[in-house]
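All chains are identified by letter, namely A, B, C and D, in their written order; residue positions are counted from 1 within each chain.
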Amino acid sequence: LPASETRSTVDRLKKLRLITAVKTPYLANGKFDLPAYDALVSRQIEKGVEGLIVGGTTGEGHLMSWDEHVMLIAHTVNAFGDKIAVIGNTGSNSTREALHATEQGFAVGMHASLQINPYYGKTSKAGLLNHFNAVLNEGPAIVYNVPGRTGQDIPDDVVLDICSHSNFLGMKECTGNPRIKNYTSKGVNCWSGNDDESHDARHTAGAVGVISVTSNVIPGLMHGLMAAPDAATNASLKELFSWLFCEPNPIALNTALAMCGLVRPVFRLPYVPLSRAQREKGAALLTAVQEHIPGCTGVRVMEDHEFILVGRH
Amino acid sequence: LPASETRSTVDRLKKLRLITAVKTPYLANGKFDLPAYDALVSRQIEKGVEGLIVGGTTGEGHLMSWDEHVMLIAHTVNAFGDKIAVIGNTGSNSTREALHATEQGFAVGMHASLQINPYYGKTSKAGLLNHFNAVLNEGPAIVYNVPGRTGQDIPDDVVLDICSHSNFLGMKECTGNPRIKNYTSKGVNCWSGNDDESHDARHTAGAVGVISVTSNVIPGLMHGLMAAPDAATNASLKELFSWLFCEPNPIALNTALAMCGLVRPVFRLPYVPLSRAQREKGAALLTAVQEHIPGCTGVRVMEDHEFILVGRH
Amino acid sequence: LPASETRSTVDRLKKLRLITAVKTPYLANGKFDLPAYDALVSRQIEKGVEGLIVGGTTGEGHLMSWDEHVMLIAHTVNAFGDKIAVIGNTGSNSTREALHATEQGFAVGMHASLQINPYYGKTSKAGLLNHFNAVLNEGPAIVYNVPGRTGQDIPDDVVLDICSHSNFLGMKECTGNPRIKNYTSKGVNCWSGNDDESHDARHTAGAVGVISVTSNVIPGLMHGLMAAPDAATNASLKELFSWLFCEPNPIALNTALAMCGLVRPVFRLPYVPLSRAQREKGAALLTAVQEHIPGCTGVRVMEDHEFILVGRH
Amino acid sequence: LPASETRSTVDRLKKLRLITAVKTPYLANGKFDLPAYDALVSRQIEKGVEGLIVGGTTGEGHLMSWDEHVMLIAHTVNAFGDKIAVIGNTGSNSTREALHATEQGFAVGMHASLQINPYYGKTSKAGLLNHFNAVLNEGPAIVYNVPGRTGQDIPDDVVLDICSHSNFLGMKECTGNPRIKNYTSKGVNCWSGNDDESHDARHTAGAVGVISVTSNVIPGLMHGLMAAPDAATNASLKELFSWLFCEPNPIALNTALAMCGLVRPVFRLPYVPLSRAQREKGAALLTAVQEHIPGCTGVRVMEDHEFILVGRH
């Protein structure tokens, strides 16, 4: 792209307020259920979602082969790229894989990438800088800090270094609003990565918005929370936020969307459904907001035998 | 294999005292340097190492494609399988990938696998049980707990459940000797995953031995520490142990073996060498034990420009 | 897609007259040169080409990994899919690979696939029917018969069987115009796969058009040959057609486009440039039509040392 | 390996008389059936077979992913490498893939590779030389000429050029005994690739032996034909040879081994079983030599519904 076009893309992407880390639905054989995916995405767009993370941790990118991951990005660009920003989670703990996937993602038209620090393998500060600069050179990117998953916090000085890269869009920060406030006070663009903190992140800590899990279920309400301060609605969702993270995400989300009839009840291992007791609690919470769940004509507590677990696909 | 043979394999593997998480050396283009690898492994065998983790976190399995990972396991079995136990790190945070790699590893003759819990993606207890039982069904396995990398501790009750599987060899436990003592008191076989605690783990906490990083450098000394209590030698190595983990492993090990002249100074990103100051400190520590570093004819502080960083290979 | 939309797509695709089996240009490291590719495609569109075969034998799909092949299809759809029909060569001699690639190609928006019979491995008539029906079920497809490459002619009775499939678009037939005439007389849609016979195929043997190699170089002239009978122009191109196939395609085409300055002179092995003598002959032929080669500002006989041969990429 | 060892390996491999292009048996899900494979190989060894082509066209290497292909080579080396020469079919029509697979095959211990010319894509003489020299540099190799599959005969002058490479073991030649006689008269080592001509190839045309399909079924008889002239036995097998190639190999072989009860009746598409009539004819021929089919306790004409066809695995 010409530099001016890249510049305007970067500026536009930096202002996205509601980005959904979109669920990847599966067929019974464990392959992608593209019609169900398209229906999910269409409803997201209708309800005001401005961007998608494709194959994020919520979308289970770590359970995809790279060819199906890039295919899903390409599919999303082709079907919806003129209506919503498509951000591919092409990060990896291997710099080689991150570079290859990011390059492919941009080649098929994604607007930006999401870049994680090297989880599990970890590296030194010098290694972090090397890794992030390499992937930022490929195109616009959001950098993702979630030490509860990666085993390694991205230190402030690394963030303050890479934020000057012309392709840096901002941080997806999961360590809380004080950290976000500190970053935004220094001019570092931020999205909250925690739904329960996102209202305050946006309205008091300077975050531009949220990269949300909950918006898979109630996109319109999340859109409202980002559009204007609304402490009452935010408070009313507290239990739902909490339930959606009662087990490592996306276990509850997967269970929720199945119980809402919006995706087939298929889990790629190592994810398995919530327990019966957790499902009952969730069904009650979902029923309470059912009118805000687009496409949902009823919430049902499902039985163990209805879920399909796929270990090989 | 017939059940009796599997049984005797399991019994033999449970008694390995010194297992090295072996370094994977690279050529300048980032591909495996098999002659250097073979030399490393031969010296390990000469100095009393009884088992190898191939493609562990130390061996940078997370930076390998699966085809080169399985190839390295097969190569090791073919070249050394009659002299040393070959344990392939065929775990993954994707159950599908773990099953496929583990199946392939056993097909090419590895003796056991190393199985991590699903890092980064994480899962529920029910998901952990599902994952571990699936991979244990493939053959003998050591289960690896390292929450500082995975972002999720494997809970005691999960360990006490899966330890009754006939293919369970024991835990590689990195959370300290009190935990190990608790496990071994309940009959759960354990290896220490921390070199600095391994002497005490073996001689006072009931661990059978260690899965060691340091033994890449000084296999004979580590063999001695496992063979009999030797508090003096253990104390003398304290600084070396500490230096080897001054940055996320295997950064210091990679730097050390290059400075000892045992591998080419090639790093796959996101790993980069230690800083000049760290290298100087390490060179002094290594020189002090040089007579115990097999194959080493001199330790040299290397310069930045001598190292090769590979982002695409 | 809804059935009516598929129907109209099929009807539209059946009428394409000039389809280019587009060249894939490379960077010096052997990766795709997407800017050069985009320039080529843009010029094709300007000169009236109506469809592209992406990753055909001309585009060296057999030298691509599937992930880069599907990526190139997705890229083409995203960048040009509203202006030209994108036909991915997602066939394979392995039914599994053909199904997987074809499924992915349609998921990223390609309009149709090109399907070869199982070359090299070959199979029985019953196997051919099984293979073609499987891939035709995935979406609209052109079936490609080129026994000089595959080692096995697709028999007439197999063609007459599969042509009734609702996704069958027609044959790309390379065995000559009498065969095409026989097929079209029976209502089987056909494209000529031989540039030198394509004028007559279209105007006397009932073919709808051509899938062309030569149109990479002179798209406007080939468009003219398809638009209306023009025996004089056709005759004038005889030597150029002949030269373009003096070695197995795309050796001459690759050499030609490099000598015209339209692609970097990079060859993926086992392809190597034409000899110096062949290049001289070609340069003369190309110079004679230079005004019809879009983007070409001069034809130059290149030297051996200017070409880059890539064995590993 | 040291040069002297390579030299002696090459000399030994050049003298192999009976090499089987071994069948790959499958489970019902299309994955490898390793126990059935091991049983087949064990019987081959018992009956005097001296070498194996692993994943040849008979073994359906073209229907394998490379990771399973290299895994099968590694498995064979590990289980049988001290009793039989293991020759991996690591050739490809892509030089890059051939180099990668050949390198991996040697890394896991295979003794030699089988190298095809670039089928389907084809190339010029200069390209052939470039391709063959690249793969011969990796280690000992047999070069395979089968224009009926590849669409391109390897010209005599190319053979006479590459035969001087120190890793060249000989030709697997399928174009008939006059060609073999010409080659052997010039000192080019040859194996016949046609079972029906192999007796004469060895005893009158100078071939060292055969790379055989039929020896999967009757290894002892084929061993006899190679050991000493035996025109009567050779004549008696004429109909069986003919039947085994009544459809593109390995269709009849797959059907035969299933009807002999030696492999599960599973076909990877595009292969499908012979027709009922062909099966009846084959069953009669197989019954006539049943005492020479190791492991076979009865031949049975199977029904259509008993066969499993696998399109995705």
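Quick note on the criterion: a contact is a pair of C-beta atoms (placed from the backbone, for glycine too) under 8 Å apart; a residue touches a chain by one contact, two chains touch by 3 or more.
Since this is a predicted model, take the numbers as computed values, not measurements.
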Check every other chain and keep only those touching both chain A and chain C; list them. none
Contact steps required, at the very least, to link chain B with chain D come to 1
Cα superposition of chain A onto its copy chain B, rotation angle rounded to the nearest 5 degrees, comes out at 180
Centroid from C-alpha atoms only, then distance chain C to chain D, rounded to Å. What do you get? 33
Taking each chain's centre as the mean position of its Cα atoms, how many Å separate chain A from chain D? 51
Multi-chain contact residues (two or more partners), chain C: none
What are the touching chain pairs in this one? A-B, A-C, B-D, C-D
Give every residue of chain D touching chain C within the complex, in rising order. 30, 57, 60, 62-63, 93-96, 99-100, 118-124, 126-128, 130-131, 134, 147-152, 247-248, 251, 268-272, 274-275, 309-313
If we count contacts the way the header does, which residues on chain B are in touch with chain D in the complex? 32, 34, 66-68, 70-72, 74-75, 77-79, 81, 104, 107-109
